[in-house]
Every structure is written in C-alpha cells, then in structure tokens.
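Presented below is the structure to which this report refers.
Residue numbering begins at 1 within each chain, and the chains themselves are lettered A, B, C and D in the order written.
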Amino acid sequence: MAIRVRFFASLRERMGYAEKSLPAEGLATVKDVLDRLDRDRILNAQVLYAVNMEYAQPDTPVKDGDEVAFFPPVTGGVR
Amino acid sequence: MKIGVSFSALDPWAEIRLYQETNRDCAGKFGATASFVGTMREFNEGEGVTGMTLEHYPGMTDRQLEKIVANAAKQFPILDVLLIHRVGDLLPNDPIVLVAVWSAHRQAAFDACRMIMEELKSTAPFWKKEVLEKGTRWVEKNTTG
Amino acid sequence: MKIGVSFSALDPWAEIRLYQETNRDCAGKFGATASFVGTMREFNEGEGVTGMTLEHYPGMTDRQLEKIVANAAKQFPILDVLLIHRVGDLLPNDPIVLVAVWSAHRQAAFDACRMIMEELKSTAPFWKKEVLEKGTRWVEKNTTG
Amino acid sequence: MAIRVRFFASLRERMGYAEKSLPAEGLATVKDVLDRLDRDRILNAQVLYAVNMEYAQPDTPVKDGDEVAFFPPVTGGVR
C-alpha cells in the first residue's frame, strides 16, 4: 500500500498533476507528506488539507492506505 | 432526504416539486418550505462571464454535504431536506445549487435553509473556474455578500 | 413582478418555474432566488384540522400585498418578486401562500423573502377559519413561531 | 352618497351582516362611525379599522363616499 495524494482546482494546475502515490514509510502526519512533496509550491497560496475526505491539519496523523488531499479554499454555492 | 451532485443541467423547481410529490412521509405535517436556488450570473467582480466549470472532490463532497444537513437538522426542527449542487460546465442562467427545507413552522425552515447555504459555501469541496472574454480565472473566495 | 390572490389550487413550484421562464428581464443578472411556500397542515394548536376557509378583503388585499413588496424592494436590492396567496376553501396539504424573490446576491434574496412573509402575516387582510372534527374556529392570531 | 361600512371574518359573523350603508351626515371620523353602529358589539374583541382600504385609527377622518371596514386581527401566511 501507500499514501494517495490528491490535488484539486488551481492547486492541481499549479502542481501540474492531479495525484501521486507516496510510499508510507516515514510519513506520520500531513506535514510529513507536505515535506516529501514540493512544499513551497503547494504552500504558495492558501491551502486546505483533508485526510480520508475529512478536513485535517498539519499535525493530523496519516498511515498506509490513507488519502491525503490538498486544495484551495472552496467556492461552492453562490455569493 | 436527498443530497447529492448533478453532472447535468438542473431544473430546480421541477426537482422540488417532484421530490415533494414522491416523498409523502411529512405530508400534512409540514407547514413551511423554504428554498434557495443559486444561479450563474453573466457578470462577477465587474467582469462579463461567459461560462464556468465547477470542479468537486467526489466522495468528500457527499460526505460534507451530508454533514452540513445533519448539522442543520440537529439545530432546527426540520422534517426533510433536498440539496443538489451542480458540477461540470455551466453557462450563465444555469442553476448552480438548490436547497429546500420542509418544517412544521416558518422560522425553522428559513433558518435551516440559510444555514445550509452558508455552511455549503465554506465547507463543501467545490471550486469555480470562470470563463471571461479573455481567458479563465479561478474564483478565489466567496464573500459573505 | 406578479402579486395577487388565487381562488383555485396553487401549484407553487410550477408557478415559480413558469414565472421565471416567462419573465426574462433579470435573466443573467440574478444569482439568487429565495422562496417560501406555506402549506396547510392537518393539525394546529394540538387539534386535527380537516379543512380551512381563507377569507380576504378584496381590493385591500392587493393594495397591502403591493405595499409589502414595495417595502422589501426599498430595503433590499431585489430584482423581481412573485407573491400569490390562496383564498377560499382549502384541504390539508394545500399550499396557502408562495413568495419568491430574485436578487443578484444571496443575502438580499433571503432577507427580502423573510421580510415579505413576516409583514404579510401582520398586515395583509386574510382570515383563517379552521374546520375541526367538531365544528369550526377562527384562527385568532399568528404567533411569531 | 353615503359611507359604506364593511365587516369581515369573525366580526362579520358577530354582527350578523357583512355591510351597511350609513348616511354621511354627522360622521367625521372612524369613531363617529363606530358610535353610530352597535359599538359595544364591534369592540367586544380586538378590532382593526380601515378607511378606503388603508389601515386607520379611531380619529382617521371619513367623508361621503368612503368605505370604512372593521375586522379582527389578520391571520394570513403561515406560522
């Protein structure tokens, strides 16, 4: 298994890809996942985190098989 | 209760009408139905908008929408909810979102309908990319307006 | 703008849908439609209700309804309003009143819709007489609930 | 001409008739109209006044040709 990383919307475009699979070794939190990726590019604008489709924080734990997502502030509904 | 996303054009009033006709559990018990329909405008932030793509995070969207409705049902005495959000490519005048709330009384229906729309805007994983006369832009935030 | 009373059964969602389809003046300009439908319940004040007669003061009703909508339009930036109130004999589950408000933005649509419903309750000359299992009774007041 | 007096809803039932025409002589205000009618019966419960389909008060002026209405508190819409 591994950790599935996903990007959405403008962040997906900034990264140039929608998802990536990372070996889970050494990844204990969302912050660890960020550090393993192009951290500066991801954090270049405001970013939200989700682990297994629930909102998360940098210190939220992750484990083998989890899905970790990064995306910009959401803009559903209408103003 | 019906909650979800729609990949094709929404006919919001027909949806509400059909839902109420086919879900008779609260017939006779509800005295109030508050509803809200959000529709794509042909301008935003002072610029003409000719189209829009609504992206979402499948799976997480359903989970968050269900959470939002559950929160409203915890806070207000409501009987039923219909909530549908469009995804995909839209044109001006296309409906974006519809929410309808059935309750015995007026205030709970209004309050819950509004609360659902507010929470949706800040927690449901949807993103809008607008097509302008020149190029495209991601909508960066929803104001409280 | 369409404001009035209906002497026959209302199909509120079909009314709103038809109105929006045939009144294209604010097409592309509205982003928000807040609506409210009031429906007759089969119980009130703890008693079963099997029917209701809605009496009104013809002429004064139209005048007051127009005033209520004008007040809302003065206070909130709204684009269009549809307001129809039933009169005559109703059965449980029959729609009593529908109001729909179109606006560029969410808050104005919600606020105006709610304000119209509140003012209607306290100033439009309608009176309800309920048919109970035993006899009839005039509804004496609308609470704020 | 005259002043047309109208009653609605429970007040109409209490009065036993829906309307009445009063000669306008001596009638200057809503209160005068009330005094000319069965005042105690009308004011037996809370009553609202209208002159020419606008809400009125006891001191609202009336004149020949006006329509004066008395009715209980309104109960439109839904709770």
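Note that a contact is a pair of C-beta atoms (placed from the backbone, for glycine too) under 8 Å apart; a residue touches a chain by one contact, two chains touch by 3 or more.
Owing to the predicted nature of the structure, the values given are computational and were not obtained by experimental measurement.
Engineer: So which chains count as neighbours of both subunit A and subunit D?
Structural biologist: Intersection of subunit A and subunit D contact lists gives B, C.
Engineer: If you average the CA atoms of subunit B and of subunit C, how many Å lie between those two points?
Structural biologist: Averaging C-alpha atoms per chain gives centres 23 Å apart.
Engineer: Whole-Å distance, subunit A centre to subunit C centre, using C-alpha means?
Structural biologist: Comparing mean C-alpha positions, subunit C is 48 Å from subunit A.
Engineer: Which residues does subunit D have that touch at least 2 chains other than itself?
Structural biologist: 77-79
Engineer: Listing for subunit C: what residues touch at least two other chains?
Structural biologist: Those would be 31-32, 38-39, 105-106, 117, 145.
Engineer: Chain contact graph: line, ring, star, complete or other?
Structural biologist: Topology of the interface graph: other, matching no listed pattern.
Engineer: Strictly by the criterion at the top, what is the full list of touching chain pairs?
Structural biologist: A-B, A-C, B-C, B-D, C-D
Engineer: Where on subunit D is subunit B touching in the complex?
Structural biologist: Answer in residue numbers: 77-79.
Engineer: Give the list of subunit B residues in touch with subunit D in this complex.
Structural biologist: 31-32, 105-106
Engineer: Quick check on the complex: what are the subunit B residues that touch subunit A?
Structural biologist: Against subunit A, subunit B makes touches at 38-39, 54-57, 59-60, 63, 85, 96-97, 117, 120-129, 138-143, 145.
Engineer: Of all residues in subunit B, which touch subunit C in the complex?
Structural biologist: 11, 13-14, 16-17, 20, 27-43, 92-93, 104-107, 109-110, 113-114, 117, 144-145
Engineer: Can you check the complex and tell me which residues of subunit A touch subunit B?
Structural biologist: Contact set of subunit A toward subunit B: 6, 8-10, 50, 53-55, 69, 71-79.
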